[in-house]
Amino acid sequence: MTINSRKDNHIAVCLNKNVQSESTNGFEKYRLVHNALPETNFEDIKTETVFLNQKIAAPILISSITGGTESGNRINRSLLEAANTLNIPFAMGSMRILLEEDSHGIYDNPRKYAPSIPVLANVGAVQFNYGFSRDQCLRAIELIEANALILHLNPLQEVLQSSKNTNFSGLLKKIDYLCSNFPVPIIVKEVGWGISDVVAKNLIDAGVQIIDVAGAGGTSWAKVEAEISGTETAEQLASPFFSWGIPTAQCIEQIHARFPNISLIASGGITHGVDIWKALLLGAKMIGIAGPLLAPANEGPQAVVSFLEILVQQLRIAKFLSQTIVKEKDYD
Amino acid sequence: MTINSRKDNHIAVCLNKNVQSESTNGFEKYRLVHNALPETNFEDIKTETVFLNQKIAAPILISSITGGTESGNRINRSLLEAANTLNIPFAMGSMRILLEEDSHGIYDNPRKYAPSIPVLANVGAVQFNYGFSRDQCLRAIELIEANALILHLNPLQEVLQSSKNTNFSGLLKKIDYLCSNFPVPIIVKEVGWGISDVVAKNLIDAGVQIIDVAGAGGTSWAKVEAEISGTETAEQLASPFFSWGIPTAQCIEQIHARFPNISLIASGGITHGVDIWKALLLGAKMIGIAGPLLAPANEGPQAVVSFLEILVQQLRIAKFLSQTIVKEKDYD
Amino acid sequence: MTINSRKDNHIAVCLNKNVQSESTNGFEKYRLVHNALPETNFEDIKTETVFLNQKIAAPILISSITGGTESGNRINRSLLEAANTLNIPFAMGSMRILLEEDSHGIYDNPRKYAPSIPVLANVGAVQFNYGFSRDQCLRAIELIEANALILHLNPLQEVLQSSKNTNFSGLLKKIDYLCSNFPVPIIVKEVGWGISDVVAKNLIDAGVQIIDVAGAGGTSWAKVEAEISGTETAEQLASPFFSWGIPTAQCIEQIHARFPNISLIASGGITHGVDIWKALLLGAKMIGIAGPLLAPANEGPQAVVSFLEILVQQLRIAKFLSQTIVKEKDYD
Amino acid sequence: MTINSRKDNHIAVCLNKNVQSESTNGFEKYRLVHNALPETNFEDIKTETVFLNQKIAAPILISSITGGTESGNRINRSLLEAANTLNIPFAMGSMRILLEEDSHGIYDNPRKYAPSIPVLANVGAVQFNYGFSRDQCLRAIELIEANALILHLNPLQEVLQSSKNTNFSGLLKKIDYLCSNFPVPIIVKEVGWGISDVVAKNLIDAGVQIIDVAGAGGTSWAKVEAEISGTETAEQLASPFFSWGIPTAQCIEQIHARFPNISLIASGGITHGVDIWKALLLGAKMIGIAGPLLAPANEGPQAVVSFLEILVQQLRIAKFLSQTIVKEKDYD
């Protein structure tokens, strides 16, 4: 299976099958204490923030899904146009195929649809063990005028999928090397199983400036890969991993406790604005969202805009109504 | 939509739809320790108390529902006549429409049905940011010979409903101003999401004499407003707030711990006399009840009387059988 | 309704309706630690014990159900014959009717069926406030050659049932008076809502020698009384009390912790031998069982014997396999 | 019923009925912390280990099921051939029948199918109280060239099954005697209810070198025996024991905490490689698996190989992805 058709498969499976993690996202363990007397005008509750030195409308990142080469490209376009309309950042899916193959024919430059927002390049960190170089990273940045480069860590996905790139040795050193004097910030993310505080420490020591935890509780790639392979054996192999990973809220709380100054993106299983506000109060600077955007993106840019506007409105309401987060178990 | 037809809608939705909060009222976290040997004559278990300097038959307040202007008025009358029959206090719903519009034609003076019980006036505190004045509060009192004035805080309801009065800035100062030399006590309440200890502190500092927590666990106005607007978007926007708020029992326990001298009314999700007794043992002086009265009120005053008599009897039984409340988690 | 027909009603309801408490019996909070190497011959695991100075085959009491005057009497006889066959003690149900009315015609002396086992007389303690005297207690003992007198405390049942004897004032003093120089030991029990450590203290101070906790988790008399009255109002009144009471295991643990020397009977919701062994390890000397015996008793004495033999065998197995009980929450 | 036909019955019941314990295996109380950056090549994740001084492919033992005399023998052969193919150890089921009866006609020497792997002999420790001798243990070892001797402790099974050998007195001394100068290591195991730390201490003091906890959470022999006897009485007797026992994970954690140097085998309810890795991180050296192998073994050796290969692969993945185990309750 080529990377390209695998990508199409991924999207189809995520749209049509239950690929929801059997772990929660962890935010249910926290409660926002209601403030009946906000002493604010709701109109003054803003969501604007600065990300990658650029003003954006809300601390919401469209997380990596499409790499710009997918056949059809409807989803890619919807997401980009919506991001541009709303002025929120957009992260590319893995650009490996773009950089490795002669794919100019199918390449769809995101800047065509999203000239002004922050756009983030994306490659799998493990590719550095499979011939991928610093120069290709630079080319990825250049190609799309990227404002940052995301390296994704996906060891569980790699071991479950058919074309396995599973040599994760020595990556930290290579990430460290990449971080020195790279023209844009380096972000490291998972793909749905979370970053522990220990991994965060290593990444920070290596010079990573932003961590996107991409924790458990949303899209489960163990489920996606089991669905894609379709065999009973693959399903059986993957099934104990359907609840694998560190819930998103725990990642944020634990990393923020140890490294209060590192920029954190909370992603993995975020579906509404109340959890966004919880994530921000727990220490995240931004949140990311991928799987829940697929269905609206398949409809068109307006559906994505509407969906995200609801999230922004929920975030504003939650922010209006609460400034304090407590752990459920401490609260009772 | 005019205030009036909105009010009718509210009542219809509360009567016919599931508007129950997805939070519990919190009383399930407490246990009444059974006393097998009460050493009392059950006949001597009384529920009489004093509220607003008046003797009443039980510490039960009919919470704010109707404002005296509703078309039909059946519910209004049922509740008033029942309150008068039982000698328990009655709180008006928001009187804003009465005070703002020329509504003398439809105005139904509560004193016609309830000459002798404590009747409480009610206005939304946020109205002070929308032209409402101290004088109108005085007129509200005068109009119904009110024994107290309730100010309700409903920030979440306001942001979810169509005609939003969502400027909640500077209200504390205005409440403070109102409290000085006002002829009757000022009560502040929520409408189903609770008062935190921090909000309680601010209200007490401003001179508020009675706090009605109106916590989570009963009628959920997020559900009511979603039902009323009827659109999928409104439902999606409101849904993460279906479990919002501080459960009633937690409000009472936390405020009472910090401010043992403030008069507390426990309301929000109270449906039987065992929870009434728990509320009183946790520090409340009175309890309030709104949503569960709608169905009997729709039937007629006798149904309300019967319903409330059961609550009073349950309260007497619980009081007869237990004088000690413990936290479930400490008990085991 | 006469006492007699009420009694028949009680039995019919307990046989045919769901009268199970909505509380658990509390034993699920304790775990018996398995001993894989018991170092014993299972044949040597005995259940014999001494109760009321008499050797009995197992620490199992047939709890108070029938008072010897019931029409039909099938259940009464089954239980008595089974108790006699197995050599376990039998407690009469309330003997008030026997003692107050001219009921010699229907009186069925238990000693006819159970000449040699301990038989316990039973009256409601509250009857001391309704004309019942020490002399009648003595006559009760004499009538059936009772080995002990049980006083039951049932304040919740009394307030819920139609013919209410609900004056529970001053009972402690009367119990104290009865205890001095009474020819047989006085046992005090509840009827399914438990004895707290505070009540236990008062009873012990009054001279009571044995306490039968009769805690929550088995037959719920709130449900029985609601079923019997059959009206919606009675059901509504009683329903918050369907989970009322102190679970049996908690009663035992708490009373035993404070009063290690008092003889305790664990009853209320005991249905198998594993819970019997838990009860004994928690400090009980005996267990009692009522509701679960009705169905076999309705079949005949052999069904009761078979049922109880299973319990005894389960008790022997549990005793063989575990000598240590721990709290679940401490264990993990 | 002869031992032989009982054995067949056991297998049929385990294959066709729900014999799953109502206790969990306890591993759900522990979480493997995900490591997004393993810094290893997945290809380098090995499962080889040494067991009984022999190199084996994975720390997985095929637990005792068949004794080599079963009619049909299909399951026996499948398991042996699979173990040999995979190079993992195989434990015989109880060899008592082989050693007591003239069963040479039906005896199927495991070494025919599994010449090179570790094979473990198995007898019930309780047999030492029923005429079984040290010499017979030596003959068991010799007969199959066993690398170790497993003694199983099954007091609950014995009391529930029809032909009861239930004298468990004085076994520790006999185990102690057997352990001195026995030619192969002695392993003691349960059969699905676990070994407590106290029992472990006694066994270690007696000279036992390896303990297989065989805890609760998998095959429940209380259910098996109830199914086999088929009567309602047997079902009623056994049912409170359907959740009996110490969960496997708790056994491992508690014994390892007190005796960090004893070799532990984790078995009972292990069905996938994630729990295998948890068991190893909690202190086990090996894991054992019985019930879940029956269905594949009934199909044939290849099905067993495939099933176990999945477990090994899951173990490799879990080991690749996590090196840290935490208690859920400490983690939040």
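Chains here go by letter, A, B, C and D, matching the order in which they are written, and residues are numbered from 1 within each.
One rule holds in what follows: a contact is a pair of C-beta atoms (placed from the backbone, for glycine too) under 8 Å apart; a residue touches a chain by one contact, two chains touch by 3 or more.
Bear in mind that the values here come from a model prediction, so they are computed numbers and not experimental data.
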{"item": "Furthest chain, CA centroid comparison against subunit A", "value": "C"}
{"item": "Homomeric contact subunit A-subunit B: same or different residue positions, threshold half", "value": "different"}
{"item": "Separation of mean Cα positions, subunit C and subunit B [Å, integer]", "value": "44"}
{"item": "For subunit C, residues that touch 2 or more chains besides their own", "value": "none"}
{"item": "Touch-based graph of the chains, sorted into line, ring, star, complete or other", "value": "ring"}
{"item": "Touch list for subunit C against partner subunit D, complex", "value": "32-44, 272-275, 306, 310, 313-314, 317-318, 320-321, 324, 331-332"}
{"item": "Residues on subunit A engaged by subunit D in the complex (per definition of touch)", "value": "29, 125, 153, 155-156, 158-160, 164, 166-172, 190, 193-196, 198-199, 202-203, 216, 233, 236-237, 239-241, 244-246, 250, 327, 329"}
